[in-house]
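Shared between the two complexes below is chain A, which has chain B as its partner in the first and chain C in the second.
Right, the complex of A and B next:
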């Protein structure tokens, strides 16, 4: 790992350099929403933000993805869609970067998903440490930190008058190659400062989820009335799942007109009754209790059993945006306390 | 200020009745400025009930969300009543649903709260950003008394209330079985000022504005699910055969969804603002609802959700109804 520093004034020069060879997606503010959007010049970037409203998973796993296009008739043509473009996600938070590493397991699983994996291969993640975690942030509950460099290619940390730059991977090295006028080697004092910033951010996180032994515990309380109590106030919308950086369920549909068609993949949500509705009319998850429970189990039981990692990064979006305050910190912590 | 003891007593009394299944009200939320829906199945549960300006949800959605799972052989359906705690605006939703025969009047027990205005969660979070703890919000004449971690501040209500409260004509529930406290008369009037300003924009500007808004929509349907009046057994956007709205999330389909939602509420939306409150993408949905409400008021002098005996707007005909919009 290379440790360097970048003066704040040179940040836009760095972005300009990246823009020469890559499409760059970065947090952009419009009205009150922050979203990762493609930028064409450094000034469009908004660096002063807690986190984006929609997680950057949307750039890797599109909400609507055309898998291929087709035409009707006996001489039908099938046209594939190109996903092979070099891309940089600039300013991704460490928690969201981890979420993409978590998604790798699902998309690399029994069937390799070329759409996600191609994009993953061609995308570099330039992370930005959180110096001020928000009220519902709880990444430290999963032994991560707001300034973790584990899942990014480059990590920038604001250490006051400059950025502390950690170049982690080959992709990161490619992005900084030949830019020695911008990046200076970090001094011991800079490394110390980064650690201080990280520690301060960790201490700011005020909420913790208790996940000790949760996988085994959930095995024992599947039928517990606790889930009914948790789910009773759920109104059944998909805000929690769509805005979750690790939720990755999708639906596939053919959308066509008389002259052309496309097979599209769209985000789906287990909060939707249609999600498990079978052609016979039978629905194995007929009630909201079943569906809310599934959301928790998928993240805290099935995923860790399959891939050895809890599928939650502690970004807090589902908590912030639930219409009725179903709070995953509270739900999981209380599940741990339920008498089996 | 609502007397919480009186509220809890009313909840206890209601839930003790043999013909009541549960009562839905509010309790303290899990963080910051949150209150959350709370259910009492037995009298002790009423101890958790609160009412404060943080009680922003319209709980009348819950009787409409009741699930009717298939019954086992010999099992009888639970037809007991549901108790609901309502503010003025919320009560209009119940009235409207009863009017539409979506719910029987004798299937709900309504505990009414005369409301002096709630806080807009987005406004209060902007005013008190960051890691707020030990929050208490009270109501004192035209101010909110807000305590955060031991420090108390008084803030004029106008700064923190949602737009719907600024023009609220029905602070006291229009229908109730028990009223907590005294009736409040409103001196406010809905003047549709914001809508009139917006109407003056050019067609291009309006279109550009809504395109920008609808582009953001992620079609999570929080607006629909939090709305007590969106209670269709199967929503048009969920239908597969025929499929009216595609699952693709793009400007065209998003526009279709947002407009069909607004139009399906024409003459029915009672203006509780839940759709806008819950939208994770901050789409100003009330602007659409209010525009339609204004048109209907001007044309038919009709306001939804006032009188449960009245017929719904779209189910009645008067010979002198205006018809200038019919080509």
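Right, the complex of A and C next:
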């Protein structure tokens, strides 16, 4: 790993350099919210943000995407679609970068998902450490930190007058190659400062989820009335799942006119009763209790059983954006305390 | 072949056979891949499934109801229920569909060699069992006694009647058909499938029981199998769920941490007892 520094004044020069060869997606202020959008010049970037409402997973796993095109009807022909060109996600938070590593498990496996994995291969992640975590952040509950470099190609950390730059992977090296006028080797003092900034950020995280032994505990309380209580106030809007950086469930639908058609994949949510409704009218998850429980179990029991990692990164979006204040920190911590 | 698991291969409907008419009709579609090489390379085992799609309508996950011992085509048996199956029922020979697969696990046809097999099917649940029955009948000497128990609401609701006629003529296969309600001229068993099972009373010794049908039927069949002395390791079933991808990614067909499309659809009763989750 290369450790370097970049003066704050040179950040836009760095972005300009990246823009020469890549599509760049970065946090942009849009109305009252922050979104990851394609930028064409450094000034569009908004670096003063907690996190985007819509996670940058949307750039890898599109909310709506055409799987292939076809001529509809019973004399069909199929036409493949191209997958994406090279891109850089600039300013991704360490938790969201981790979520993409978590999604890798779902999209790899026995059947590789070419759409997600091609994008993954062609995308470099330039992370930005959180110096000021938000109210409902809890990445430290999963042994991660707001300045973790584990899941990005480059990590920038604001250490006052400059950025501390960690170049982690080959993709990261490609982006900083030949830019020695911008990047200077980090001094010991810079490294110390990064550690201080990281420690300060960790200390600012006030909320903790107790996940110790949660997989085994959930095995024992599937039928517990606790889930009814948890689901009682849920309105089933699905915001928690649509905006979750690790949720990967989708629907596939055919869209067509008389002459043109496409098979389209769209984000779906296990909060919808239609999600599991069978053509016969039978629904294995007919009640909100079933569905809320499935969401928690998928993240804290099924995913760890299948892939050895909890499918939550502690970004806090589902807490911030739930219209009825269902709080996953609270739910999981309390699940751990339920008498089995 | 392509590397995109979402992109189906084109297949032509060669034949459409009406199995059951009435309110909930069932048709069997004989499908042949347009690519000859692909047709030859498409190998599967009884119990496995395929995603069949009608372009502009959508995709559905069906058990392959033909036996892999019959080469050159695959068959799926489809009950007309939702959007895609309704559109499929309007298809005619010559029409083109998309097919991808085979998906999921399969019946342990190798491990069951030498055993007595009891098949207990109800309604459209007979589709995956038909693949298995035709497979073991084609390899008859590899297996012990064969009991085929199958029932439907009325005689008009029985599928694969021609094939059952053929099986009934064989001396080495015991066929036990039933209908739920009494009808004039019906000389075989009248009553529900689980009751017919008790009536037939297969011995659990060196036997494997395989059941598929409506959830309520499966429940009572398993209860009755246990009454007859079958252990949880001797009972197998094949399940279904709403599915979209067929490859364990879209999320909806899970029972606990297992996906029916990928980790199933064939489960032993022992396995099912030990996983919790809605089904």
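The working rule: the second predicted complex is superposed on the first by the 333 of 340 C-alpha atoms of A that agree within 3 Å, B and C clash if a C-alpha of one lies under 4 Å from a C-alpha of the other, contacts with A are read in each partner's own complex, and residues count from 1 in each chain.
The rule is simple: a contact is a pair of C-beta atoms (placed from the backbone, for glycine too) under 8 Å apart; a residue touches a chain by one contact, two chains touch by 3 or more.
Just so we're clear, the structure is a prediction, and the values are computed from it rather than from any experiment.
When both complexes are superposed on chain A, chain B and chain C fit side by side without a clash.
For the combined model, the angle formed at the CA centre of chain A by lines to the CA centres of chain B and chain C equals 90 degrees after rounding to the nearest 10.
In the superposed model, A:263 lies in contact with chain C only, and not with chain B. Applying the stated contact rule after C-alpha superposition, one finds that A:338 touches neither chain B nor chain C. By the touch criterion defined above, A:321 lies against chain B but remains apart from chain C after alignment on the C-alpha atoms of chain A.
Residue contacts after overlaying the shared chain place A:182 against neither chain B nor chain C.
In the superposition on chain A, contact of A:242 is made with chain B only, not with chain C. Contacts of A:202 after superposition: neither chain B nor chain C is touched. In the superposition on chain A, A:251 makes contact with both chain B and chain C.
Superposing the two structures on chain A brings chain B to within 6 Å of chain C, judged by their nearest Cα atoms. Overlap of the chain B and chain C contact sets on chain A: residues 251, 253. Looking at the complex, you find that chain A touches chain B at residues 30-33, 35, 53-54, 63-64, 132, 134-136, 204, 206-207, 232-233, 235-239, 242-243, 251, 253, 255, 264, 266-267, 269, 272-274, 286-288, 319, 321, 323-325, 327, 329-330. Taken together, the chain A residues at the contact with chain C in this complex read 67-68, 70-78, 80, 106-107, 109-115, 219, 222-223, 248-254, 256, 261, 263, 265, 268, 270, 275-280, 282, 284-285, 290, 294, 297-298, 301-303, 305-306. Here chain B touches chain A in the complex through residues 29-32, 34-39, 57, 61-62, 65, 67, 69-70, 122, 130-133, 212, 216, 218-222, 224-226, 238, 240, 246-250, 274, 277-278, 280-282, going by the rule given at the top. Of all the residues in chain C, the ones that touch chain A in their complex are 2-8, 10, 53-59, 81-82, 85, 91-92, 94-98, 215, 240-242, 244-245, 247-252, 254, 256-257, 262, 276-279.
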